[in-house]
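As structure tokens, here come the structures.
First chain A sits with chain B, and in the next complex the same chain sits with chain C.
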Partner chain A sequence: MIQPIALEIIVVCLGILLLMVEAFSSKTSKTPLAYAAILGLSVVFVLTFFVQPSAAGLQESGFYVLDPLALFFKRFALVATIVTLVLALDYLPIVQRLVPGERPGAGSGEFFILPVFTCAGLMWMASAADFIVIFCALELVTISLYVQVAYLRRSIASLEAGTKFLILGALSTGFFVYGITWIFGTVGQTGLEAIRQALPGVPEAAQPAMIFGVALVLVAIGFKIAAAPFQFWVPDVYQGAPTPVTAYLAVASKAAGFVILIRVLEPFFTVIAFQEKLFLALVLLAGLTLLFGNLAAIPQTNFKRLMGYSSVAHAGYLLVGLAAIGDAFAGRAVVFYLCGYLLMTFLAFLILVPVSKASGGDDIANFNGLARRSPALALAMLIAAASLAGVPFTVGFFGKFFIFEAAMKQELFGLVLLGVVTVACGFYYYFKVIRAMYWQPASEDAAPVQVSVLSRLAIAICAVLILVLGFYPQLLIQILP
Partner chain B sequence: MSPLLFLILVPILSAALVMAGANPRFTALLGAAVNVLLFGALAFFFNPLQEGFQFVSSFPVVPDLGIGFTLGADGLSMVMLFLSVVVTLAAIAVARTPVDGARWFYASLLFISAGVVGAFASVDVFFFYMFHELALIPTFLLIGIWGSGDKQAAAWKATVYLATGSFVLLLGLIGLYLIQPVDARSFDLRQIVAHADAGLIYDSPVVYLLLLVGFGILVSLFPFHTWAPQAYASAPAPAAMLHAGVLKKFGLYGLIRIAAPVLPESVQAFLPLLLVLLIGNIIYVGYVTIAQRKLDWMLGYSSVMHMGYIFLGFAALNEISLTGASVMLLSHGLTVAVLFALCGEIRERTGTLDFSELGGLARTAPRLGLAFGFAAMASVGLPGFVGFAAELMVFFGSFAGAPPAMGIFDGKEVFSFNFLQIGTICAVWGIVISAIYMLRGYRLIFMGPVQERWSSIGDIGGISQAAVVLLIGIMLLFGFFPQTLVNLVTPALILP
Partner chain C sequence: MQLALFWIFSLLMLLFAAGVVLLRNPVSSAMSLVMSFVALAAVFVTLDAYFIAVVQVLVYAGAVMVLFLFIIMLLDLREEKSRRVRLSAWVGGGLVVGGFVSALVQVVSSLPGADSTKPAVSNPEANDVALVGFALFRDFNFPFQIIGVLLLVATVGVVLLSRKELK
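Presenting the complex of A and B:
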């Protein structure tokens, strides 16, 4: 048996080691670094199965928990990072073109190493049970992501995305810290467990201060999970960032945000005085996010931007699930949705990278005629789009079904009806991609799409999992915390 | 394992083979033929005297929510399965292999077929729903790529309509799940009906309305019908046959199967609303059909119009009317499939379906004309075709569906009509309407002087002819022996 905290330490050490190797090796090819990172993270992934979820020593200090939820999200973060590295390998030629160095290959090594640090932050975040730890982990994730978003030095879009992400991210961090201080000022604690115990004793006069603090924290997390009205950064950053980073942002960063949201809100939901207000806030947030994400996605023509709005939309469905958290199944429904979201989003990006390499752009029009150019890839994209839209026999459908089911049990009829309208919007904009692939003829100069072996493997696994879980979701449900 | 599983797997495997590189047309045709034979074997072993579902097999999928992959068939499902496999065979037989993307074309058709077979073979309401949605993407591709006319608009409209309808329906099904007693909730139809029998289900009007609107959109109930004529007019003939002939029956089948036994009070409570809507289907859409100037649009609207009769049979909620509605699911499916097949043949030969450009085709293509005449008559409801028996039962059943209302006239109590009877009287007028547009369509296309440019078109023949003859033969056969169907269907109906 290994100490649970060892997992994060191993990941950080792996990152440092790779950085050192990168700095002192004279090799021009940086791909071995990526393979080493993938291998290392896979080893850590295996190691997570040898960790006892009830390692008491650290838990008593109250800032680090290792419950099944934490363990599950550590694995989630590891898988997401591994797939991101696979994406990054495919994306390397573009990085090399847009990050010129004095020596060939210089400046592209960190592109594979930074996600490792982000991964460590995400894993920490999954276990954090104290506002201070949450803050530190959040910063580790966000700061390493700032660099990754702005990585393509010669691309104005990437720089613009980086600046936007930095400024708005810093602002949200400010909100977060300020919120923590208000909460701390009211109860004198930063540990979530301690706050839970202190909450019932909060005098009525101090409750507005508490609610103000929680609201500020909610704003900051709303920024991370891209919930409306804190989603302004999403389209530009998603479009400008290197595609692997976009995928990483869409999946890992959002999932981590939801874990924090679950953890932070949990103590406040136990107190009746806050329950109603929080519930109202979540319902409003969910409704706005659903509406904005889906409506704004309709006219998009750029695929990455579309995925940006789609990520806002999916945050909306997840928030509906959170608003229904009173139901016994809702927690699992949210986690199930996140897993499905990981599969389908990565699948879409895994296909986008080679397609945009072959046709030279990220627009939906670049998918034109893909069904004739490479039918297998088109079929995989068809599965991804169908799942994102929520067509039955895909994991996306079951995700939506579980969430709607929980919401109806909690009698959130307004949100559910809104959800149906937005699902209809979703069908329209996801099917635009299918239309491009199947209805439209390919442009004359379109090059054949080349896909690396590793990507092919990842695409096949994602596509098959989407279909299998779309028929037999129990496979995943039974391992959910 | 239920033998019904093979009925679903054969089209899926055929589609996989087609995608993997087998000869598309031959493989698809073979798969459809194998399915017909399989169904024949099933029908041989099916015991019509036994109550409840046969060939049942179950596999829990989400035990927490009572969802299982449960297959089974009773008399009504056998009739629908028969319709599915026969129309699939006919649709693939009359299909013209497109130059571009033949694999996707046949694979899409096979997927729709797998979806309808799966839906009608499901005992679990959830999978019943899921299988129906299997057709969503194939339909989008079939209309969008190989359609005609304003195909893209048609494909978009149909897809968004159907997706919205299906999610409304999903809410209805979730509602159906939630109104069951807390510790025994299930999606298994047998259990839901058992709960309803035991009086454990709260007869919720909201759930019924969700189901009615959800199924209604899928069945093109007025005023949610506008997607259908456009989609059918644009779709390639085999897609229209499968969609209008089989897939659309899903919604009414669902209402007869689920709403009638489980939510009878709500059905009664909303009877006036449903009557108004279905009269909208029959009369309003009927007159719209008369106004059409192109055959494909006319058939599209006519298939929407005929849904009204089946809704009437459902609304009256008694044994005769429900039996009539169920038989009409089959008769309308066969009729509309023949009509769309022939419509495709005409389009193939002339390139236009505009009444003003056609005329006299019966001289140059007499067999085509004869077949169309048969189908048109069947559609109107001529005795001898199975549609007649169905319409008769629907009208008789619905007219006797409620006790006659008594009115006071001149101080004396006199006999007067109740809502249902007034609705039935309006609906009977629909027969006149359909006779008008069908006969007029027949006259404009097939009679009159032959135009110069149509003087050398070929007649129907070969495998398409065989498919059309098969469908017409079945219509005639059951038209003369409708009791076979009634014997199958009636025991399967669960009356409130």
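Presenting the complex of A and C:
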């Protein structure tokens, strides 16, 4: 048995070690760093199985909790980071071209090292049980992501995305801190467990202050999970950021936001006075996010932008699940959806990187004729798009199905209706990609698509898992916290 | 007396903060920010938080602002041209700010202790340097360590984004 806290320490030490190696080695090739990072994170992933989650979970200080949910999301963060590093390896030529360096390859090492630190932040977020720890871990994640988004310094789009992300991220941080101060001012505690105990004793006169604080925190987390109306940074940042970072933002950053949301809202759902108002806020957020994400995705022609709006839409479905949290299965439905979302989003981006390398762009038109240029990739993309849209016999279908089922039991008929209608919108815009691959002729100068061995492996695993879980979702549900 | 001081310094702080946004010359904006920080430090003093007040002046009004001014002068920033802002942006921004302020006013006026001048936590006897030290390095040691990693990442990021030619 190892101490639970050791997991993050190992990840941070791995990051520092890699930084040192990068600084002192004279090698020009930086790929060994990526392999070392992947290997190291895989070892930590194995180590997570030797940590015993405790039922109460709370450590003495009240800062750190290791319940099954936290452990599950630590693994989630590790897997997401490993896949991101695989993506980054494929993306390396573009990084080398767009980063100003004295020699070729200079300055690309940190592209593999920064995600390791982000991973540590994500793991801390999964275990955070105190607003101060949540804040510190969240900032570690966002600040390392600012740097990664703006990494391609010779690309105007990347710099613009970085600036936008920085300014709006700082704004949301401001909301977060302000909300925490109101909550602290009302109950005099920052620990979530202490707040839960103090909540029933909050006098009626102080309740508006509490709700104000929670609302501000909700706004800030809304930024992180890209819920409408706080989504306006998403399209530009997703389009401008390096593709691996876009995938990382879409999956890991969103999932961590949802863990925080679940943890922060939990104490407040135990008190009747707050329950109704929070419930109303969640329903409104979910409805708006569903509508905006799906409708705005329809006219998109750039694939990364499309994925940006699609990630807003998926946040909407997840919020429906959270609004139905009164149902016993809703929590697991949300986690199941997040896992499916990880698989299908990474699959889409794993295919996008080699395709855009071969055809020189991220537009949907760059997928033209992929079925003839590379049938296997086209098939994998077909699976990803079908799952994102929610076609039966894919994991995406069951994700939506479980969430709608929980919402039906909680009698959220309006949201379910909205969800079903917007799923139909989803069919339209995801199938634009499929149409481009199978019914459009390839352009004359399209180069053959080459995929590295690691990517092939990752693509195969994601595609197979999407189908297997689409037929047999119990496989995953059994191990959910 | 205490109430009068509080109002004087908070009004000063708000006025200069508005100046940061409204003034067109970057150097004037930066100087307004210094004044706003100093007024904030004075508000901290009226709350008996002497250590925070001193740190506010030393770190923010001193070190950080000198750096800001350095950068402004080095980059030789000119006066900002006045921009045309669309009507829709005015209306949207006005609605958000108006809604936020009205919610804030409602919440503050509903609070039972809103008219007291001094919070219950203030304690002029306490040695607040020691208290801050214990809080930071003993009670909140765990988040403090996370901040350490955060600073490392920020340093790496600054080097990556600002060096002319990476080695």
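Simple rule for what comes next: the second predicted complex is superposed on the first by the 477 of 481 C-alpha atoms of A that agree within 3 Å, B and C clash if a C-alpha of one lies under 4 Å from a C-alpha of the other, contacts with A are read in each partner's own complex, and residues count from 1 in each chain.
In the analysis below, contacts are C-beta pairs under 8 Å (C-beta built on N, C-alpha and C of every residue); 3 or more make two chains touch, one makes a residue touch a chain.
Being a predicted model, the structure only gives us computed values, none of them experimental.
Q: Contact-wise, after the overlay, does A:A371 reach chain B, chain C, both or neither (first, second, both, neither)?
A: A:A371 contacts chain B only, not chain C.
Q: So, A:P208: does it touch chain B (first), chain C (second), both, or neither?
A: Only chain C; A:P208 stays clear of chain B.
Q: Touching A:M408, do we find chain B (first), chain C (second), both, or neither?
A: first
Q: Please work out whether A:R153 is in contact with chain B alone, chain C alone, both, or neither, and reply first, second, both or neither.
A: second
Q: Is A:C339 touching the first partner chain B, the second partner chain C, both, or neither of them?
A: neither
Q: Touch test for A:W124: chain B only (first), chain C only (second), both, or neither?
A: The answer is second: A:W124 touches chain C but not chain B.
Q: State whether A:F471 touches chain B only (first), chain C only (second), both chains, or neither.
A: The answer is first: A:F471 touches chain B but not chain C.
Q: One more residue to check, A:V416. First (chain B), second (chain C), both or neither?
A: first
Q: Shared contact residues on chain A for chain B and chain C?
A: Looking at chain A, the two contact sets are disjoint.
Q: Write out the stretch or stretches of chain B touching chain A in their complex.
A: For this pair, the touching residues of chain B are 19, 60-65, 69, 100-101, 103-104, 129-131, 133-134, 136-137, 140-141, 144-145, 152, 156, 159-160, 163-164, 167-168, 170-171, 174-175, 177-178.
Q: Along chain A, where are the residues that touch chain B in the complex?
A: For chain A paired with chain B, touching residues are 329, 371-372, 375, 379, 382, 386, 389-393, 397, 401, 404-405, 408-409, 416-417, 419-421, 423-424, 427-428, 431, 434-435, 438-439, 471-474, 477.
Q: Residues of chain A touching chain C in their complex?
A: Chain A reaches chain C through residues 12, 16, 19, 61, 63-64, 99-102, 106-107, 110, 113-114, 117, 120-121, 124, 130, 132-133, 135-137, 139-140, 143-144, 146-147, 150-151, 153, 162, 182, 203, 205-206, 208-209, 212.
Q: Considering only the defined contacts, which chain C positions touch chain A in the complex?
A: Touching chain A from chain C are residues 103-104, 106-107, 110-112, 139-140, 142-143, 146-147, 149-150, 152-154, 156-157, 160-161, 163-167.
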